[in-house]
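Note that the chains take the letters A, B, C and D in the order they are written out, and that residue 1 is the start of every chain.
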Amino acid sequence: MELEKIKELVDMMKANDLSEIEIVDGQTRIMLKRGAGQQITPQVLAMPSVVSPSVNGFIPNGLASAETSPHVTQTPSQDSKQKKMAEIVAPLVGTIYMAPSPSSDPFVQVGDPIDEDQVVCIIEAMKVMNEIKSEVKGTIKEILVKNGQAVEYAQPMFLVEPD
Amino acid sequence: MELEKIKELVDMMKANDLSEIEIVDGQTRIMLKRGAGQQITPQVLAMPSVVSPSVNGFIPNGLASAETSPHVTQTPSQDSKQKKMAEIVAPLVGTIYMAPSPSSDPFVQVGDPIDEDQVVCIIEAMKVMNEIKSEVKGTIKEILVKNGQAVEYAQPMFLVEPD
Amino acid sequence: MFSKILIANRGEIALRIIRACRELGVQTVVVYSEADRNAAYLHQADETICIGPAEPAESYLNIPRIISAAEISNVEAIHPGYGFLAENAHFAEVCQECKIAFIGPSPESMRLLGDKVQARNLAKHAKVQIAPGSEGSVENEEEAAKLAEKIGYPVIIKASAGGGGRGMRIAHNEVNLRSAFHNAQTEAATAFKNSELYLEKYLEQARHVEVQILADQAGNVVHLWERDCSLQRRHQKVIEETPSPALDNNLREELCKAAVRLVKAANYVNAGTVEFLLDKKMKYYFSEVNTRIQVEHPITEMVTGIDLLKWQLRIAAGEHLKLRQRDIKQQGVAIECRINAEDPANGFQPCPGRIERFISPGGFGVRLDTHAHAGYVISPRYDSLIGKLIVHQKTRPEAIACMKRALQEFHIEPIKTTISLCLEILSHPQFSKGKIDTGFIERTW
Amino acid sequence: MFSKILIANRGEIALRIIRACRELGVQTVVVYSEADRNAAYLHQADETICIGPAEPAESYLNIPRIISAAEISNVEAIHPGYGFLAENAHFAEVCQECKIAFIGPSPESMRLLGDKVQARNLAKHAKVQIAPGSEGSVENEEEAAKLAEKIGYPVIIKASAGGGGRGMRIAHNEVNLRSAFHNAQTEAATAFKNSELYLEKYLEQARHVEVQILADQAGNVVHLWERDCSLQRRHQKVIEETPSPALDNNLREELCKAAVRLVKAANYVNAGTVEFLLDKKMKYYFSEVNTRIQVEHPITEMVTGIDLLKWQLRIAAGEHLKLRQRDIKQQGVAIECRINAEDPANGFQPCPGRIERFISPGGFGVRLDTHAHAGYVISPRYDSLIGKLIVHQKTRPEAIACMKRALQEFHIEPIKTTISLCLEILSHPQFSKGKIDTGFIERTW
């Protein structure tokens, strides 16, 4: 799906007073809405994906669809227009620690390559230290949390560019 | 998915006042909507009319637009697919009488030709008998009220096929 | 009791009357203009009759159309609500002639109390204090200037037939007075077709305190204590509460008894309100009588447990008051906030339009009187009141806390409302202390 | 008073607790599952924490996640609401260990009263009548059959650890009893991991009457009179009212005093409810104690004017009861209808989905406790209660009339609700007469 095509579609909508377009073609789905007070929402530009994608943090109105503990999730982040990003999200509520001890180096830093099953942080819940492992192989692109901060369930912690 | 095809569909929609198209063909699905998200509202299939037409009885959600006493109104009645009909509506609340006195013949009957300014019924309000005149010239096609019945403001009373 | 009545009003008060009727087993016929055709409250009526287009003059203010609707629907009585025809003595008279009971006072007492000069004289007679001012009407500028000199500035000029702030002018000196007199006269002539004016001492930083009355056809009169309506913006009430934080029990008793004396002197029947102004020295002066149910009646209902609308119907149907004065107690504190579709950030411009999101407050101590809901379209044709939020709690601090949380829960989108203003007022230290007057809002916001 | 608490619940009761906290100036942290992420009531909290996916076991029933949320948000106390962990003594214990106040009774009295056999013995001790039945648990079919013969059929078999109708069987003869015993045992073992059963005389056409209690940490106990919850469908309450139309004043006093004796014997603290069954001859028998706030608590609040949620918080914070028994009066009559998203015409199937149109009732005497609104999506994951409609009027006929008109005003579309069923019940002559029992709905609809 080239952006050019979408632009043309949008122009067509405007010129012809269309309020909605949806095109599904195999793996590709384009949905455009216009007017009636609603903004144009080019919501899902989803690509085929290895990991079961969920929409945490981007849940539209209505019910959350993710019902299983989502650990890694694809995200259409603004910072990643080119390459698709994966998120590592908190699997439980608690306090996050970025290093095994106050004096140690952090588990991971931006730019680090990570493997599946590599520990990326610790979440303390009820005095128990839970090691959180990545479920994706790739490179840490962004760290979204700070050492000692509280995190809630499914809160994004790391952006990873998958290999 | 050729844009050309979509363009053609859109033109077709515009030309024929379609509000929605959905095409499913194997893996491909195209859905197009037009016009402010609302349903098809063939509200006004109005013909040129001598009297200011209003939309009584067919007011969509929201505010009534008719603010002046509407006497005759164009109507897309089901009974008149071929020819457009005009309605004579009640200009005031009261009791309707179809004849000048209980023993007289009714002012008009179905099939009668009527002239502008011809009395079609009487509406009694606060003991005053108000003669109601047609504002349209044509033929009485249907009488929608019964002698002695109460009518409210803007209630359709007669369907007239205008000349 | 009546078996069927007509409601000659719209919006929240029409719904309020429907509610009372349903609970009493009285059938309702509700008239409406084309602008209200799709309003949900109409579904609560047993019958509805469209009486005209949106303009009030051709619908809610049109006596022949309303009477005609009453005749074809064969009702025994008409409830006028507030506003529109509620204080129109001629309408009450027409009802009488048509043998339809008017749910309100007689045309005679409406006329008597509607004329402010006559009402002042009546009050004097009933030994109710009135503000120093003209005996009757004031003929000309000269007379006005002489009188003003005598009673002292500032003075207020009012139209005898007045109401709603029209034909009203405040003057702080003689130059002021002369031009004000002329303007008020012109305005009164235009608005009320009656240019008669009178003059009173103007009370600065006064409180507006009013007493609710019920009077039956047998001459029994009770009061239901007072309401404090000092929070006003341009003579429009914004927040009301009861009991008044300004009164002690002696003054409260005295005020309420004065109100009873006055309505007895007017041979008044049905629900009514006697308004007083209270000056900085806690001296009270009769202001006027409202010969109808008031917008803010719910706060009285909350603290007394008495349904005023039901009593209006019962009294009009000839029932005697079964309420004894000593059994009518003020229990706890009630506050009402008027929710208007107006933008406080933009000069209180009306904000008509469709309500997309409507999340209403609820829970313990909260009452909401509204005809609005998600999907309701606010007409630009009528007043901007879209709801009244009322709370009832044991103490004033609890009532304020409850109102604040209720206002915070109340979401109406996308139209602007006075919810934000009400929240600011409730959070103001002067309000917590109960130290407010009719000029407070305009001085502060 | 606490400065910040966590609310470990969802929906209308979470909102009810938020309301009480806001009015008391207590900050709230509300935990939620992903299914509730977009619920509007969360906007009323000072903080919200997502604790897990929709399944209760991974969110609202997950003790470690809730405690962890309490720790990171640094709250002083947890309110469990009703359902979920509200009667879980282990949860109360974990709170205690973590130095977080549990807003409810101690784990010990929860355990004691949660075990139905122990509770029966306690009641006997406190001289509160219990239905004839087994002394302790019943070991096997033989013992059950012998006992049933002695006390007479019908009998009811219940799980000691039971609740919500599970592990419960009624037997009308010995053949019945033997199979019922076996089934109940299996069910109890599965549901409660405890197969202990006991046996009682089954009361036919009984009424369910319960007494509201408040007890502080200093041992002061007051009752707030009774609630009649006889209108049930499959052990689920549908309509509740207070006062009970079945009781005279002597019996009412006796019942309430018995309830106070019982909770005193259990060293009970905070709000609780003692449930009784009342047989056709107006003899009452202790049934069980609910160690939490009840769904139907608002009707008690309406007639007493006492905010139960606020008292739960005050008691947990160590305040003493300032309420004197003689000052707690039942004023008027209150009725509650539970509005469930269920289709009465279709076997009461749950009707989850998006609410498109939501027009709520209001006005004098009406209280609505709901977290729903137009645009709210009812999750299929949780119970179907979407609101509680409560009315308060001077007399029972007035309360019934008020509830009917309020139900008629209540429009929820397109999902189906129990509004229609409630209207039918309220219009039934047996209900007007107050002559109903726990089997009435199932016999009639």
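We adopt the following convention: a contact is a pair of C-beta atoms (placed from the backbone, for glycine too) under 8 Å apart; a residue touches a chain by one contact, two chains touch by 3 or more.
As the structure is a prediction and not an experimental result, all values here were calculated from the model.
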item	value
Maximum centroid distance from subunit C, chain identifier (CA atoms)	A
Computed distance of Cα centres, subunit C from subunit B, in Å	42
Centre-of-Cα separation between subunit D and subunit C, whole angstrom	43
Centre-to-centre distance between subunit C and subunit A (centres being mean Cα positions), rounded to whole Å	57
Shared-contact residues (touching 2 or more other chains) in subunit D	375
Touching two or more other chains - residues of subunit A	none
Touch-based graph of the chains, sorted into line, ring, star, complete or other	ring
Pairwise chain contacts, counting only pairs that touch as defined	A-B, A-D, B-C, C-D
Subunit D contact footprint on subunit A (complex, rising order)	56, 59, 61-64, 66-69, 92-95, 125-126, 128, 150, 152-155
Interfacial residue positions of subunit B with respect to subunit A in the complex	1, 3, 6-7, 10-11, 13-14, 27-37
Parts of subunit A lying in touch with subunit B, wherever the complex brings them together	5, 8-9, 12, 16-26, 35-36
Complex contacts: residues of subunit C adjacent to subunit D	15-16, 19-20, 22-25, 40, 44, 298, 301, 305, 307, 309, 331-332, 357-360, 362-370, 373-375, 394, 398, 401-402, 404-405, 408-409, 411
Touch list for subunit D against partner subunit A, complex	31, 34-35, 37-38, 49-55, 58-59, 64-65, 67-69, 71-73, 98, 354, 375, 377, 379
